[in-house]
Every structure is written in C-alpha cells, then in structure tokens.
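Each structure below appears as structure tokens.
In what comes next, chain A is part of two complexes: it sits with chain B in the first one and with chain C in the second one.
Up next, the complex of A and B:
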C-alpha cells in the first residue's frame, strides 16, 4: 500500500460511489473532431454502463459479499464494507498469497503496520541502551559524556518520528518462513489459494447501496429481491420497537445525512462513537470527525460525553454531537403506516420528519489558549 | 497589584504539572543563577550509588533547584498594599445589602475589576472581593452606619470574608471559575444579560432550488449523470427541508455568567470588545443540557469569531471544528466538580451548510507526466 495521498491513490480512488457516471472529454465547440470524440465517448460509456447490481448475501443478520472483484469494487468505489479477515480493506488474499506462494505486489496496510511496529521495538531497545549509559555517566558525574548523550538521544528521537512515515519494501518485510499445518488446506495449487475472506457491510451501508441500485439482496423467505423500503422496514423492526427513536432509523438517518454530503462514513466503534468521517477516504487522510448521535430524550451527564471526548481527543479527531429531534409518535406512526414497498419516496417522507442539529464538542484548556 | 500575565505561568501548563521553580526565578530578587536543569520528558528518578547514596550529579542539581524554590518563596507575600495606601485598598462589605465597595479606589487591578460610580466609589461583585482579598491586594472590613473612622480596627480574616460573601454552593463554584481564569491571566467580567431571541435557522439549505435548477437536475438524472457532486446533491435533496422553523425561546436554567478576554493591554472595562469566550457554569452532577438549551445559549452568545483561513475549495474543515462565521457561535461550559474545573467548548456547526465534501476534481488526478485534461481516470472495474 503506497503512503497516504500518493499519486497511486489519487489515480485509483476516483469514484466516491459504486455508481458509474459518464465522463466526457473536454468539448471544443469549434472543432468538429472534438464533437465526434465526445459523441463516441458518450456512446461507448453508455454501453459499458449496463452493469448489474452486485449480489449481497443476507444471512444471520449480516450482509456479505463473497466474490473478490465485487469486494474490491465496493471498497474502491467509496470504501464500503470491511474485509472480515483484514483491518478494513479486504487484503487477506494478497497477504496470504505473498506468504504462501511468495508472490509480489504492493504491500497491504497490515504489512506496513507490522513493519512499523518492529521498527518501534528496535527504537525502544536503542533507547534502553542510552538510558543505561546515562545511569553510568551520572554515577561518574561525567558531565561531558552526559552532554554528548543528550545529542545522541536527540538523534534517536528524530529517527523515531520518521517511523510513522516509513514505507518499507517487500524485501524488508520479514515473512513467516515456516508453513503451518493448517496452511496446507489453503493451497489449492501452486498459483491458487482458497478464498476465505468475505466483505461484510454494515446494515446502514447495505440499505444505502440498495437504494443506489448498486447491490441486490435476496429475501430468503420470498425468494425475490428486497426493495429498499422492505429492507428499511425489516432492519428497523429488528432493532427494537417501532418508535420515533428506533435505533436503526436514527443510525440510517445520520449515516445518510453525511454520506449524501459526500463524506466517507465508517463505523466509529473503535473511538466510542457512532461514525467517523473521512473527507475523502482512509487511504488519503485520518478521519477528521467522530460523530456521536444524541437522541432528544436521552439524559446523560457530563462524564459520559467527557469520556467519549477524551477517547476522540487522543486520536486527534473532533467530536461532533449530532442531535436527532424525532417527530411525535402519532406523526411518526402515520408515516410508518404509509410506507409502501415500491415507493422509495415514502421512506424519505418518514426521514424528513427528523431534525438534525450539530454541535462540535471540544475540551478547552485555558492555559493553552492564553498566548 | 494586578495579575501579571507572565507570573500566571506558574499556575502550570497542565493540571498535573509539578511546580517548576526555575520559571519563577526571574521574578525573585537577588538570584541571577539560571543554570537550572530543564525538566525532561520523564519524571525525575534519582540515580543511587551502590551504598544507596544519591550521586553527586543529582545532589548538585537538587541543591540548585531547591535554592530556587527558597528564593521564590522568600519574596513578599500576604498584603501587597503598603500601610500608607491602606485606605485605597480597603473593601467595605455590606452584608445586609450584599454590596461591596471601596471609597478611594486605586490600583492596577481596577483596569478590569469593579465599577466606579459618579461619586468615585468603586463597587464590586462578590467573586471580585474574594479574589482581591485572597491574593492580598485588598483587605475587607465590615460596612458600618454611620460611618466612623475604623482605621485602627483589624481587617476581616479571609475565612470571615468567605463566610459573609458566599451565600450558596453555586456562588462558590462561580468564584472558583472566576479565580482560576483570573490567575491564568485572562480578563474576566460578568456577562451582561441579553434578552432571549427567537431564532429560525434554515438548515439543510440544499433544499432551496430554483425551478430551473430543479428541471435541469431531473434532466440530468434521467438522461445521464456526469458529475458525482450532482448525485450527492440529489441525494441530499431527498431528506432536505426547505425551511425549518425552530424556536429556541424558552426559559433555560443556563445562563452565560462570564465574558472572558485573552490578556490585552488596551482593554477598557467601560468599553469592552467582543469577548473571546463566554462561560456557563454548571455543576458536574447536573445532566447534560438538551439541544434546545444549548441552541438557545448559542443564540444569545456573542463571541469573537475565530479567524479561519479560507482553505482550498470544498468544505472548510476548520470552520466545522471551530466555527468562524456568524452562524456558528460558541459557548464554554465550565463543569465544576468539588473544586476541579473542566472546560468544554461547544460550537454550533452545520455540515449541510458547508456543502458536499466530495470534489469532482478528484476524478481527474493530476499526474506528473500527462498534460492537463489528458489523464483519463480509470474506468474499468479492476479484476484480478
């Protein structure tokens, strides 16, 4: 995996949604040839656009994508889902092929993290050595050597800061040399590895992709595909009673709110939040915001939000409270009853009943801002 | 003596800091030695010799550090005012009326403390009295009727001042916040109450489109789409509300207590500029305010907007984080838990108003080799 925001990434992740659009070359009106090129390009791309939605398996309350091209496609076009054997991007097959079949290819983020951790361990050993030296010199009251040590320490600290930017090459990576017994089961032939990984989608992602018509989900009970409204109703029902503060409805509302504003929205579970927002996506930068959903009737104290704030602050994100004001029960019920399986607008009529207010929540340290 | 902003450093850069006496050294008289070891990143751990005695290295450091502490402590404390000027440092406490005044006000602290009336009498708030007496700038005496010469009567003890001036636990919380911010070097004044206003904020502004734009969008949608931003705008419009009437007028139990300014030599208390921060004081055991309460506070708040650099096109992340336009005001909650104060800055932000985060220019990455417009993004699905 190339470093964050590299040109390779800029070339690769150019589509924020798994939806194809037609991109026409620049039109120069007075040049007839330009018209021909534009029309040709339009026709050519329209032909290619007839792509059928990706099939998503819905079983045991999870949404799974099984085939590798489709997994990669959903990741590359908006960073949807999570590789179930990977940190986020489904890279298990790449890593395993490299390990067992010694194939090449660019490094995955998991491999880079592993290498950086090794370098950090190395740094700690070096530091320990200097600490021991310092002790010796202090015992000797050797001010001269202590001063020299200080500059050595300085150099080491500088080296430490570089580790986060290290881009190791494949040869540098220490691969596990020994093959484990269970690895044999994975090897189908000299060039093929059994595919174990699938991509799991969050329920809110699945509904969003379904209404974009990028995926299709079969309903095992009826044998036909879910419509967006059917899936919406099903997921809401699974998340407790159908009330205005239904967990799934508010989660989807907030997910949709940020997703439709073009943010890359991922789960915020690792940061005690509901969602995290990337301006463009994980390969480009760290997430800027951590979203915590607050229901209007929810009563919590300052300690509760303070705890989340501390977690989010450590990873240098800004905590945003997204307040959801839900409609009265009678209004909500009316809208819920009006949901019609084949009318997507009835779902949006329901979502429109909610109000969203955003407050950014930051700890203020007076002694730091005084200047 | 007004608080010296430089001196305020000693309050500590962080809650958990240990007093660093070397910082004080330049304020103490008679010491010129500055070769105090700087504090390192880790806690100090003495190196012991085999006989468990401290090394010479540490011993000399310890001694010089200790000397600095003594020097700092040697400087005069207690009442700062001289006996000659005692009259203009005496605050009279009228416990019946709950008023506090000074007859012949004089002193640097008056630049940001107290209110002088036409007769030249300076009136104080209770937290100002406690702050001035506690730090030794003033002494407190009881107001008497008729006024007699009390120059020989001893002043009230600090404990007595506390017991007369403080009426309830909220007062104590308020004083702690005031005194903490003052000692850190800020200018702090009571906020003037403003009437609650009715605000209607249109949110999710993307809902307002001209008819023409709507038609164009429909056309685009049915024929083909050439920009992702158009898709996003369409998705936004599906949950957008054209106008949202939101009345935040309500009796709120929260009020803005203090206006706070960063240290500023040109500060005039009669004509204060727009404050940098506004403080709401709450007890740690109170529930977190509701969104309506926060919004009505934000509606009446009036703080200096943060200057935000106009970033590249697209959303301005800093504006979302720190506010920075008229819409996104901010208010600071001082959460007091038995003497510990934690501050939270709450700023209104509006992601919808910032517009779409995705930029269509990202579809056409600039490459080093190719000329403008020549680089075509990858279209094909990657298959392995």
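Up next, the complex of A and C:
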C-alpha cells in the first residue's frame, strides 16, 4: 500500500460515491467533428458503465456483499463497508495468497501495521538493554562508557522516529512460514484459494446506497427488492419501538447529515463513538473527528461523555457531540403513518422533523494549561 | 460523651451540602488510620493562584462519610439556614448602604445650591439612624452544633445523610465501596477516568492507581451493560494502564468483579 495521501491514491480513488457518471468532452455546435467525438465518448462510457445495481444479501441482520469485484468497487468508490476478516479494506484474499501461494503484490495496511508494531517492540527491548547498562555504569562510575552509551541512545531514538515515517518493504516482512492445519481447507488448487471474506455494510450505509440506486436488496419474504422506504421502515422497527428517539432513525439522520456535507463517514464503534469522519477517506489521512450522538431524550451523565472523550483524545481526534432535537410524539407518529413504500419524499418529510446541532468537546485542565 | 472521646473522633461539618473537615490533625488521622484521602478543596493564602496544591477544608464524598459513620468514629456539625438568614441581612444592609450614599450626594448638591427641591430629602428621615461609617458588614456565624453524639449506622441517620443534596448516591456503590475498603484499597473519586471510583494499593502520594471501578446492577433491565460502553471502558483502562473493573452485587450480598481489557489484535 502506498503512503497516505500519495498521488497513486489520488488516481485510484477518484469517485467519492459508487455512482457512474459520464464525462463528455466539450461540444462545439458548428463543428461536426466534435459531435462525432461526443457521441463516440458517450457510447464508449455508457458501454463501460455498470449495468445493474450490486446485489446485497440481507440475512441475520447483516448486509453482505460476496463477490470480489463488487467488494472492491464499493470500497474504491467512497470506502463503503468493511471486510470482515480485515481492518477495513477487504484484503484478506491478498494476504492469504501471499502467505500460502507466495504471490507478489503490494503490501496491505494490516501487514504494515504488524511490521511497525514488531519494530516498535524491538525498539523497546533495545531501550531496556541500554537502561540496564546505564545503571551498571553509573554504579561503577564509568564515565567513559556512559558517554558511549549516550551516542548509542541517540542512534536508537533516530531509528525510532524512522519507524513511523518509512514503509516496510515486502522482503522485510517475515511471513509465517509454517502452514496451519486449517490452511489445507483453504487451498483449492495451486493458484486459487477459497474465498472466505465478505464485505459487510452498516445498516445506515445500506440504506444510503439503496437511495443512490447503487445496490439492490432482496426481501426474502416477498421475493422482490426492497424500496428505500420499505428498508427504512424495516430497520427502524428492528431497532426498538417506533418513537422519535428510535435508534436507527437517529443513526441514519446523523449519517445522512455528514454524508451530505461531503464527509467520508465510517463506524466509530472502535472509539466508542457513533461515527468517525474522514475528510476524504482512510487511505488519505487519519479520521479527524469522532461523532457522539446526544439525543435530547437520552442525555447521559457527564462521566459518560468524559470517558468517551478520554478514549477519543488518546487517538488524537476531536470529539464532536451531535445534538439531535426530536419532534413531539404526535407529529412524529403522523409522519410515520404517512410513510408510503413508493414515495421517497415521505421518508425525507419524516427526517426533516429533526434538528441537528453540533458542539466540539475538549478536555481542559486549568492547572495544565497554565504556564 | 467525654471530651477525650470527642478528641479521638472525627468532627465533620456539613455546610451547604458539602461534607467538610477543617482540622489538619483529623485529616492526617483519616489518611493514616482509615485510608481515607478525600479531596482538599481550600485555597492556600500564600499561593492563591496555583491549582496543584490545595489546603483545608478536606471534602469527603458521601461514601466516605457513610463508611466513617458505619465504623462509628465520627460526629457531625450540621449547619442550619446559614445562607438564608445571613443572606437576607446582608442584602438589606447593602441596600441601606446604597441609599445612604445617594442621600449624602443629594445633600451635597443642595448645599451647593444646585438642587432646589427639598421633598426627596425629607422623605428619607430614617436614614439618620444608620451608622454612616459602616462600610464593612459582618456576616453572622449562625452555624450550630446539632449533633455532638457519635453517629452509628441506623436508618434515621442514613436518611438524614442521604438528604444531603448534590451527591449521586446509590446503595450498590456503597456496598462496593465498603467491600473495596475491606480489601484495603485506597479509594478516590473516579470522574477523571470515567468510573465511579479509582483504587490505589496504598497512599496515592506513593502509588499510581491500579483500578477504575464502575458499579452496575446485577439484574436490572434498565441498567444493561452497553456493548459500546464495554469497548469504551476496555480502551480507556488499557490506555491509562489500569484495569477497568465492573463491580456488582448479587442477591446474596456478595460483591463480584469483572475486568475488561482492550487487546487490540488484528
């Protein structure tokens, strides 16, 4: 994987959404040749376009994408979903092929992280050794050796700063040489491996993609595809009672809010928040903000938000409290009853009843901030 | 109660819903004999601007107070209406002072011949009764000692103590507090680490804390342990190198503990 924000990424991840668009060259009306070029480019691009929405399987409350090209497509166009055997981008197949079939390919983020962790651990044991040496030299009052030690220590700290800056190469990575017992089941032939990984979409992502018409989800009960409103209703009913503070409705509201402001929104579960916001996407930079939803009917005590902030603060993100002001129950109920399966605007009428306000939260300790 | 007994026991004042101790000897004794640290909350007159070192009074949490009551080693001074009475008098005095100043000014203006009318002055004859030199107003000490007896744990006392406002008290937390004290931990409030208590193996001046305690109920549907909270506490405890401990009380009154940890593999 190239370093964060490299030009390689800029070329690879061009489109922020899995929506195909046709870009036409400039048309000059009195020039017949330009007409030809425009028509040719239109036909060529529409041939390449994805014919139908991606099929998403909905079972056991999870949304799954099984086929590899579709998984990659959804990841490359807006970073949707998470590979269930990977950190985020579905890279399990690449890693396993390298491990078992010894194929070449660029390093995945998991492998880089693993290698960096190993190097850091190495650094720590080295430092420990130096510390021990320092103690003995100090007890012996051996000034000469102490000076030598100081230069060694200097070298070590330089090496430490390099770990984060440089990218390990494939030859440096120590792959597990030994085959595990369960690996035998994975190998189908010399060149193929059984595909175990699927891409899982968050419920809010699925609804969002369905709104874009990028995916289709089959309803196993009726055999037909879900419409957006149908899916919205189904997911809301699954997440507790239909009240203004329904979990799914609030989640989708906030997701849609930041998505429409152009952020790349991913799950913030790892940081005990609701969402994290990337300015462009995971390959480009670290997430800047962690969103915690504060619903006006479910405000928790100060300790709760304080402890989330401790976790978010450690990973150098800014905690944002998104306040959701919900409508009264009667108004909400009226809108809910008015939901119509084939009328998308009824869903947005319901969402428009809510107000969103955000405040960034920072831990400030008076004695530490003083000079 | 003999004076000697009084001397050996801890004199706790409850002022404005805060549980305070003013004697330094008592604070030392609490620390040494009972392992109770409390929070120093007074300003030091020599260094009023700094934050890291504070002086008396020592503030206790409701759990620390109840624990001492349970041991039977403290007696209480409870204030009665200290702010209500005092405040009213103070405000009246202030108003009178302001009136006095205004009349003095009017008199002055009249003497210079700028003000013609007399009516305004004549209305305010009562002013003469005021002491014109009084600028500083003494607030009266209306604290009275209501209970000089040693407290013992009974329902009345508990009810009385629980009526102290501003302390988020639950019986479960107290049971867990008592159990931890029995296991000879030193306990401090846990707000800064997002728990109910933090525990030190001994005096906090000598050791780092090792546990963050969060109290929860054993079988109450309203108080489910949220999965996302588990992530939160696991990460939080691990990042500050402490164990995050869930404490709960089962039906038989036995306190149980579970820890969560963020191993961060993958």
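Everything that follows uses one rule, which is that the second predicted complex is superposed on the first by the 333 of 371 C-alpha atoms of A that agree within 3 Å, B and C clash if a C-alpha of one lies under 4 Å from a C-alpha of the other, contacts with A are read in each partner's own complex, and residues count from 1 in each chain.
Criterion: a contact is a pair of C-beta atoms (placed from the backbone, for glycine too) under 8 Å apart; a residue touches a chain by one contact, two chains touch by 3 or more.
Since the structure is predicted, the reported quantities are computational estimates derived from the model, not experimental observations.
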| item | value |
| --- | --- |
| First (chain B), second (chain C), both or neither touched by A:366 | both |
| Partner chain in contact with A:185 - chain B first, chain C second, else both or neither | neither |
| Partner chain in contact with A:306 - chain B first, chain C second, else both or neither | both |
| Partner chain(s) touched by A:280 [first = chain B, second = chain C, both, neither] | first |
| Dominant contact partner of chain A by residue count, chain C or chain B | B |
| First, second, both or neither for A:337, with chain B first and chain C second | neither |
| First, second, both or neither for A:122, with chain B first and chain C second | neither |
| Chain B versus chain C as contact partner of A:66, first or second or both or neither | neither |
| On chain A, positions contacted by chain B and by chain C | 301-304, 306, 366-367, 370 |
| Complex contacts: residues of chain A adjacent to chain C | 87, 110, 269-272, 301-304, 306-308, 310-311, 314, 366-367, 370 |
| Of chain A, residues touching chain B in the complex | 7, 10-17, 19-26, 42, 45-46, 48, 51, 68-69, 72-73, 76, 135, 138-139, 141, 143, 146, 253, 256-263, 277, 279-280, 288-289, 294, 296, 299-306, 309, 318, 320, 323, 325, 348, 351-352, 355-371 |
| Residues of chain C defined as touching chain A within the complex | 50-52, 168, 190-196, 228-229, 231-233, 235-236, 239-240, 266 |
| Contact footprint of chain A on chain B as seen in their complex | 5, 8, 11-14, 47, 49, 55-58, 180-181, 184-186, 203-204, 224-229, 231-232, 235-236, 238-241, 244, 246, 262-263, 277, 282, 284-288, 290-291, 294-295, 314-315, 317, 320-323, 332-333, 335, 342-352, 354-358, 362-368, 373, 376-379, 381-384 |
